[in-house]
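Look for subunit A in each of the two complexes below; its partner is subunit B in the first and subunit C in the second.
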Partner chain A sequence: MTATAAKPNKLFRAVDVLLLVLAVLPLLAGIVIRILFYPATEGIDISGALIYFTLDTPIGPFPISESQVNSWLVMLTLFWLCLYLTHGITPEGGSRRQHLVEWAVEQVDRLVCENMGEYFAGFAPFIIAMMALSAFSSLLSLLGLHAPTSDINVVGGWALLVFFLITYFKMKCGPLQYLRSFTEPVPLLLPLNLISEVATPVSMAFRHYGNILSGAVISALLGAALTGLSKAILGGLPGILGDIPLLRVGVPAVLSIYFDVFSGLLQAFIFATLTMLYVAGGFPAELYARKKAAKSKKRR
Partner chain B sequence: MLELAIGIILGGCALGAGVAMIAGVGPGIGEGNAVAKACEAIGRQPECKSAVTTTMLMGCAIAETTGLYALVIAILLIFVAPSNFINLLLNALK
Partner chain C sequence: MQVLMQNAEVISVNIWQIVASLCNLVILFLILKRFLYKPVKKVLAQRQAALDEKYSAAAAARSDAEADRAAWAEKMQTADAEAAQVIKTATEQANRRSDQIVGQAKEKAAVIVREAQTAAEQERVRAEAQIKREIADVSVALTEKFLARKVSPDDHRTMIDEAIAEMGENDD
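Presenting the complex of A and B:
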């Protein structure tokens, strides 16, 4: 390390700490909101997202649900985290943080270039944003919060966004070409092509949401079962010891490693990869290149 | 009579959820095949381990889709459908 990079001044440190605190704050706020709003329950509690309050808009009632609030909190956390990670980046490079960020950016750039080709190199920020949002949303259940990805509305919104992207890139050669692509390879396959067009966003949304929700349901069932078991076995213990579900300590964490951490991260990766594959696969690259070449010839 | 009708609704929903989850057989067999082939591939070419593992995980997650459709149907049948059907019944009786 050179002498110039070694001495971060006090202001730099203070901004660093402030950014980290701001990144953690939304998560704490999420826990506080949940404690304040959540009704006390006994036993199994498997319900959808809790609706905090309903806004009355001219169009109709607009419910603000737990998944909306939590996904905004995740976005805030990611925003401050990104500012923290990119704070104090220098062209010479130096801090460990900078190496980490550069490594991540290089990885995503490489992934996008491998899967989508050079034409789509600009997609890397979108892909990593989607990955980070999805991964952090799924990991939110580690804090005991409702993961926004276990709500079909959130994931369905992302899948719709991807669907619009796919359609936009399919229409790059004009709407006529897009309509004609449905009758390929033979016009007889038109209904099948239409169905598969609609099935893409549906399957993407269901895959992501089903994986996360099944983890949440199994965790809730296991928690309830362990509570009942410890009541039956340890209920005879004197005083407060009998009331605490001791068997619930630690055991669900093992399952949580698979369902929350592994499954959440894998689904984030898969959602991003499928986005890349579908967008790049729907784009008629050869035709577009030919048309572009013909156009530039005409201009000359 | 009403109790019987509600009982039939609840029983039908539970049975339907159970039958829907038979679809879990398909992804189980498919993913088992995928993992077996991946093991073979790694055994043959250990240097390709990371690439094979990544591809296998991707394929497994996609093969899981049909199972997840069944899961979604089962969850809907258990947690959402009974109350809707019972409300329908009560409205019809009014």
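Presenting the complex of A and C:
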């Protein structure tokens, strides 16, 4: 390779490495913050997110908790990861990372088109964002960090946004049509329809948050149990060896594969799928198409 | 702002945190749309455009070739007709030419025959004139002989024989 060709290549590699480091940095920062601020606890500790400090606002206190900070760290990581993945992609293609990122984008595109139809094709980036944020937030627990998705407030915020989206697309045919949709198929079902309307975001939030939190709780319980078991069985070992909970090595990892990796990815997928189904399902597509056709006819 | 390290309750709903999380998702959506989705889509569209261009170029080349082939087939068909035409005209020309040549030859032959006839006529006339002259010569010679001496019947006979022989010699 000639010197002129090697120079931009070197620069390219340097930028690559820089982006990767920047992507990993927030995660390392999260671990450092955790180690610095987390109070040492004894025994079984099942509690919510650690609150670093609380902002007092006119409406109420805004606790800056671990969930919030970790969410932002995940977002930063995803931002740098995006730049890394799209760095140096060309129409000719070729690099492995380009294959990966193209595959991912096309998969989500396909998923959105299959579940929601062509009209909602613009939803693809939103679905990617939702899946990525949910999955990476849940996977934070692999690093020993507090998973933001085990906080009802975080998942609740997403569910609220989904609720807004559902309502927005339901109102596409006018507020009157929106109100009328609650009395269908028979007016008697009005209370049930209202309940199910509210239940949609609540159930979505509770499902996601509950799954991740239960995983964390079981992990904590198992950890404590294994520590106790280790003390009871291996406590007699001489010196420092007796103090190390040896049984905690390895065993929790097996459960972690289910509770942290599988459950986390599955919940991200379920949350995104439900979002697609609810938004597309609430949208009165036929009525909207008819109205649009009538409108364009009138204009002529 | 209070700096107080403590854990939140396991279930503690806080409207600010909910709003912050909602905003986080929106912000991440914008980030991913701007920095992941759009570039990838752009690249895919560019690739598709390049492919379409290549395909359309290939289709154009193909249609060109088909048109060429059709034109050639047509040309080949007309070429057969043309060849037939050429042969026909050539035959006609040749026929005409041969007729011409034959006519010319006939004319020439006629001329030659006429010339020969005239030559023969002239020869005959000349021969006649010669014969006449010779006959005259013979008569003169005979007369001279008669006048020169008495001639016996035998002499007469021999003289006539001589004269005839002389005529024969002169005739050559």
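A few points about this structure:
Here is the rule we use: the second predicted complex is superposed on the first by the 288 of 300 C-alpha atoms of A that agree within 3 Å, B and C clash if a C-alpha of one lies under 4 Å from a C-alpha of the other, contacts with A are read in each partner's own complex, and residues count from 1 in each chain.
One rule holds in what follows: contacts are C-beta pairs under 8 Å (C-beta built on N, C-alpha and C of every residue); 3 or more make two chains touch, one makes a residue touch a chain.
It should be emphasised that the depicted structure is a prediction, and the values quoted were computed from it without experimental measurement.
For the composite obtained by superposing both complexes on subunit A, the positions of subunit B and subunit C are free of clash and fit together.
Once the two complexes are overlaid on the shared chain, A:93 sits against subunit C while remaining clear of subunit B. Figure note: vertex subunit A, arms to subunit B and subunit C, all at CA centres after fitting on chain A; angle 130 degrees, rounded to a multiple of 10. Of the two partners subunit B and subunit C, more subunit A residues are in touch with C. Once the two complexes are overlaid on the shared chain, A:214 sits against subunit B while remaining clear of subunit C. Of the two partner chains, subunit B is the only one that A:273 touches; subunit C does not reach it.
No C-alpha atom of subunit B lies closer than 7 Å to any C-alpha atom of subunit C in the overlay.
Taken together, the two complexes place residues 46-47, 213 of subunit A in contact with subunit B and also with subunit C.
Looking at the complex, you find that subunit A touches subunit C at residues 37, 39, 46-57, 59-63, 65, 67-68, 71-72, 75, 78-79, 82-83, 85-86, 89-93, 98, 101-102, 105-106, 124-126, 128-130, 132-133, 148, 151-158, 160-161, 213.
Here subunit C touches subunit A in the complex through residues 1-29, 31-33, 35-37, 39-41, 43-44, 46-47, 50, going by the rule given at the top. For subunit A in complex with subunit B, the touching residues are 46-47, 203, 206-207, 209-211, 213-214, 217, 266-267, 270, 273-274. The touching residues of subunit B, counted against subunit A in their complex, run 57-58, 61-62, 64-65, 68-69, 71-72, 75, 79.
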